[in-house]
Amino acid sequence: MDRLVPLFVVLPLAGAFLVPLLAKLWRGLTDITANLVGAVLVGLSVYGLVHLATGSPAVVYKMGGWMPPLGITLVYDSLSALVVLITNLVGFPALLFSVRYLDKFTGRWRYYTLFMLLLAGMNGVAISGDMFNMFVFIEIAAIASYALVAFGTEAEELEAGFKYMVMGEIGGLAILFSIAMLYAKTSTLNMADMSQVLARMGQTPWFWLVLGPMLVGFAIKMAMVPFHSWLPDAHLSAPAPVSAMLSGVFIKVLGVYAMVRVVFNVFGLARATAPAFFNMLVGFGLVSIIAGGLLAITQKNYKRLLAYSTVSQVGYILLGFGIGNHWAIVGALFHMLAHAVTKGLLFLASRSVERQTGSREIGTIGGLEKSMPITAWSYILGSMSLAGVPPFAGFFSKLFIILGAVAAKMYWVAILAALFSTVTLGYLLKVINSVFFSRKGVEPTPAKESPPMMLLAMVMLVVLAFAFGVGFKPVLDWVVRPAAEVLFSGLAYARMVLGG
Amino acid sequence: MTGLVAAVILVPIVLGILLLILRRLSPWARNLIAVLGSAATLGLAIVLWVTAGPGSHNLWLMGVLGAAPVPLLMVDGIGLLLVVLFSFVWLLVTIYSLSYMKDYPFQDDYYGFLLVMLGSMVGFCLSQNLLMIYLFWEVAGMATWRLVAFYRNDREIRAATKTLFMTFTGSVLMLVGFAGIFVEHQTLNVNSLAGSGISIWASLLILVGMITKSASLPFYIWLPDAHTAAPSPMSALLSGIIAKIGLIAYLRIFIQSQVVLPSWWPLLVAGLGVGGSLLAAGCALRVKDYKRVLAFSTVSQLGYIFIGFAFAEGFGLMAGVIYLVAHCLAKAGLFMAMGIVERTTHKRNIDELSGLAHSMPVTAVSCAVLMLSIIGLPPLLGFFGKFYVILAAVKGNLVIATGGIIAAVMTVLYMLRVYRMFTGEPREGITGRDSGVMTTVVVVLAAASLVLGFLFPYLSRFLDQGIVAAL
Amino acid sequence: MTEIYVVLIAMLAAAVVAIEVKDLLAAAVAMGMVGFSVAIAFILVQAPDLAIVQIVVEILTVVFFAAVILRTTHTDTTVGKRLKQELVFPAVVYGGFALLFMVLACRVFSELPAFGEPVMRVARDYIAIGLQQTGAANLVAAVILDFRAYDTLGEVVVLFTAVVGVLTVVRRLGRKADKKPEEK
Amino acid sequence: MIPFLVCVLLFLFGLYAIVVKRNLIKMIIGFCFMEYAVNLFFAFAGFKREALAPIITDPDMARNFVDPLPQALVLTAIVIGLATTALMLALAMRIYAKYKTFDITEIRRLKG
Amino acid sequence: MRGMTSIVQTVAGLVAGMLFLYGCYITLHGHLTPGGGFAGGVIVAASFILMSLAFGSVEDSERSSYRFSSFFESLGGLLFLGVGLVGYFAGYAFLNNLWAMVGRPLHLVSGGIIPLANIAIGLKVGAGLWAIFLALGASQYVMKEGP
């Protein structure tokens, strides 16, 4: 594994550079290349996890052979491994789904190139151990996603892309500005080194003021509630696999992961040392849960509904990190995993419905369970997982977050979180009832089941959601707990990187 | 033993999922799998009974939440009794469905979910771990959702959504309560809570979950809608078995675990029970739809069982369990009998029907037996349950006992009101018909109520052993 | 260092012009002025590499702007309109935010090392060993292409992404001519 | 400290153009300004008085250089800025082709 | 795109050639003097842009230059990756500077992979920016029937 870490970035990059060349030879070659890269990445991330789970220490890869403060290091610890796993686990089915989905679009190789770049960017963010490098990879993923959102080049898609780009770039520049100030103060960019320097300086007001713009940037990327306005439009306009990636992975890697990495490991914050900050996270998490849930319920368009649901679910993740004790952070990380898989699944399934029926409004289509059972049941099972019905993955994340809230004696938070999982179920049931079962007002919409490749992608994600739920124990012990350990150890991260 | 327990849970679930996945089976194969699945569960349950006997056996399956393995499932007397009883009723319902559901589409869904629900009920009855209780609870709830909405018309979908929504809300609140228990005691096993207290808010949240599922006072409103919307065999299961989930959970979490409860706790639970009982009985006297009357009656009788469980010391617990068994048999039978009536007359209003006894005598007679069991006439099983519940209530609190007696009287009234459709002169153009298989099933259930009534001493001794061994 | 203040003031003035002028082409040119001021400032802070790149990039940016503006429209129709009702809110929010930001920035900068006296923890090593270890006389080149070559890979990829993105966005027809949404 | 504040001022000018201006091209210009501001800030942060540009012309020269690291970062940042500007311009151009205007208030979805 | 007058065309022809050479120079001397692959690439792209502005273009030439640019772009990217991977496959870290000691410091042949990477970047940037210009400015081919 020690030598394989850069491949998480190099492979998709090579794919991205090769796809335009191969596209000139034969169209099918692009499909094959992209999917091959996706599959290899899944294998690699699973291998990496196994490697870490069997007791090997985290990998610190020194780019170009330079020692940490001088060169750029890649850090592949348990947290990175989890995030990389999430990325590729959703990325591969999304790529599979794309093969037939793109039949209706032009510009196939451009799509694959951008998708590969998106993957490279997110993997790069996950394994980067350097502030500026992280920013660069955030930008790669972000720019690729802007272009992908506007991929259809219809008026509304372009608008959504522009709006998303405006918001996203403001966030990116805020992050860069913060990094600049950090550099001016600490004169280093390596996260580990920087955290040691910061630890020596103590929590002066300066500390918080520098953290501020960065948090705003991450909040925009993760679509936390005051900054969520880009998300529904972008998710609505993007091609389905891209919506799945954006919603399932993008906002978590670029927003949540980057934030917790910086907050816990670089700034060395923990609930015990900075209760006010964590209470603020809890507050924002709750606001996101509530606002996202309530907005989702009022939607007529089922993709928009899913987009608002994402806002709400990100609120859960934030809430978990904000509560900040063992169970809550485990729950938040588990929810990252569970939500990535299920929301990816839901977006794929809903776009599969749209593709076969041509409508995205609830109430204009109905009775689809009969004509497209696999899509329907994928959607239903995904909804169950998202709402937190055992034995799916979503249940355990909800349980752990509630456990964390109760253990922190935040009873009302626990009850609110629990109640809003009913709201989640409520808005998803709205879709399920009217689109898949009800025949009110509309005849069962004539539709054929999607092509097998798309079904395969969806079934894969259903199986994952189920497997993560039934096998939550191994997932918890081998994947999530070590990742939470990384966050808890805080500044030990620096010793690990610099000592290694 | 572990394998047997796993089998009795997994066989129906796997077969059910198989049915759901392999749509387009020939009807013959599908029916065969459905019946075989229930029969196999019953068989395995009986084998389990014979090999295990009353008494408790811990089963150490995979460990959860912690380094040491935690017992997840446990075979004890009550669990065994309920498993055998439920799978027996289930088999009858499945056989009944073969002819009742003959003409409907989506039968793969129906039988598939029926089996999944059976498996999760069996698992639920054997669970001693909060996590497993919640797991099976929710799986059963999801299957209920699909089965209530089986006809897929607007009304049924709305009723099913309401059902799911309310019970889910209750259960997530219960989950918060479970989280409270776990945080306080670092355990999810109900048997290791003995002698310690649960904080009040956690117990109240758990109680909320139970009374939403078992449809008691503040949260009963989903139940009548669900019963009227569901296909009759499903109503039978819903009323007879699914609605008992909350009660069984109460039994496990608050009684069997021997947690220390505050002194006002029995009054609260019994008060809710008797209140629900009276209110629902009042509703049952007003509505016209006979399935709805029976649904309200279910709410009312569930209230009774809550009273029994509330005053669990002494014989209240046993009374509650006996009434649970009696009600399960009788109400399942009644709903299926009403299904026959509905099927043959296509009417659901009490006032439009009369004199059906002439055209469907067997059904009428067995219906009478079942109703009497619920009314509580000796020597039927229901009598013992009701009698002991009221006895326990008298020992506990006189006001509640009075309420219980009033509710019992009201039960007589609304049952007679329903039974009017069998008596009197037959109406023009409305004739019922006994139909072979379906009527047989009802008769079997009526007979079971009768026979168990006669066998009451044996039953009570078995229960005594079972419960005492478990506690 | 007075010259740097002159340049910065020119920069700010040009920025105001670029934001407020009605003709978009003029705005682009004014933006070019800002960019060139930045380039001069780079030279003044001893960053010739940056100055060169900034100049060529600025030329290119202005060319891109001009290309787009020439293909679309010259006039900014929004300038000169009265402030609409719906714009009052963002303006007020912005005003408050800008004030807050300036105050906080002052606070932050008072704790940063003063202008012209950087800490140079890592950079000291770069200067000391750069030539010996990488063989590049231009230390900036040594940093971007050896010590931090991975960043530069990222930079190249960002540009690649943008190029593919632009090519993606300018496709005339995103979707194929509407057949039935059925499969062949 | 004053050069730093000028950077912040330019940053705020850019933000002003984005938040308050209703013209797509002006918004893009605003983004350019914000990028310039951050780049300048970086370069200023690495500036050292009385020091030379970090280019070794003679192996034995005294090494009193400004900080080369921020310069390297700014190089990357400039390119990223160019890339985003180009993509934004392309989007704006296409939006113009659809709506014949750069005015946000006349474009449906961008109002919010 | 229409061309300009013959005066402009003549001057542009001269200047563009010199610009192209200057771009190459900047690229190749990136490790010694200010500038580098990026600046050089931009200058090379500018020379192309100048030619295209002066002489105008027709669809055929745009089509060919478009393909040409996207080809070189990918090639440049792959080259950079390849430079990185050489170190990787030789058993060192990714992007390891293998030949840092080859050649003499302060001369053209020095700096190991740095000049190679500069060339790759120059290729990539020149082709990429040229493609962006085509897409935004010219685009008879890229964007049929203008707005």
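Order of writing sets the labels: A, B, C, D and E. Residues in every chain begin at 1.
Here is the rule we go by: a residue touches a chain if its C-beta (ideal position, glycine included) is under 8 Å from a C-beta of that chain, and two chains touch if they have at least 3 such contacts.
These figures come from a predicted structure and were not determined experimentally.
> What chains touch chain A and also chain B?
none
> Could you find the chain whose CA centre sits the greatest distance from that of chain B?
Computed centres place E farthest from chain B.
> What chain sits nearest the middle when you go by CA atom centres?
Minimum centroid-to-centroid distance belongs to A.
> Applying the document's contact definition, name the chain pair with more C-beta pairs in contact, D-E or A-D.
Spelling it out, more C-beta pairs touch across A-D than across the other pair.
> Calculate how many whole Å lie between the centre of chain A and the centre of chain D, each centre taken as the average of the chain's C-alpha atoms.
28
> If you average the CA atoms of chain C and of chain E, how many Å lie between those two points?
Centre-to-centre distance between chain C and chain E: 21 Å.
> Measuring centre to centre with CA averages, how many angstrom lie between chain B and chain D?
For chain B versus chain D, the centre distance works out to 69 Å.
> Between chain C and chain D, what distance separates the C-alpha centroids? Give it in angstrom.
About 2 Å, centre to centre.
> Two or more other chains in contact with one residue: find those residues in chain D.
Answer for chain D, listing residues that touch two or more other chains: 15, 45, 53, 55-57, 59, 67, 69, 73, 75-76, 79-80, 83-84, 86-87, 89-94, 96-97.
> Touching two or more other chains, which residues of chain A qualify?
As it turns out, chain A has residues touching two or more other chains at 13, 16-17, 20, 63-64, 132, 136, 139, 143, 146-147, 150, 153, 158, 161, 181, 184, 187, 189.
> Could you list the positions in chain B whose residues touch two or more of the other chains?
Within chain B, no residue touches at least two other chains.
> Determine which chains touch and list them pairwise.
Contacting pairs: A-B, A-C, A-D, A-E, C-D, C-E, D-E.
> Where on chain A is chain C touching in the complex?
13, 16-17, 20, 63-64, 66, 69-72, 100, 103-107, 110-111, 113-114, 117, 120-121, 124, 130, 132-133, 136-137, 139-140, 143-144, 146-148, 150-154, 157-158, 161, 181, 184-190, 193, 197, 204-206, 209-210, 212, 355-358, 448, 451
> Note which residues of chain E are touching chain A in the complex, please.
Touch list, chain E to chain A: 67, 70-71, 73-75, 77-78, 81, 84-85, 87-88, 92-97.
> In the complex formed with chain A, which residues of chain D make contact?
11, 15, 18, 24, 27, 31, 34-35, 38, 41-42, 45, 67, 69-70, 73, 76-77, 80, 83-84, 87-88, 91-92, 94-95, 98-99, 107-110, 112
> Going by the contact rule at the top, pick out the chain C residues touching chain E in the complex.
48-49, 51-53, 56-57, 59-60, 63-64, 67-68, 70-72, 131, 133-138, 140-142, 144-146, 149-150, 152-153, 155-157, 159-160, 162-163, 166-167, 170-172
> Chain E touches which residues of chain A in the complex?
Within the complex, chain A touches chain E at residues 3, 6, 10, 13-14, 16-18, 20-21, 24, 61-65.
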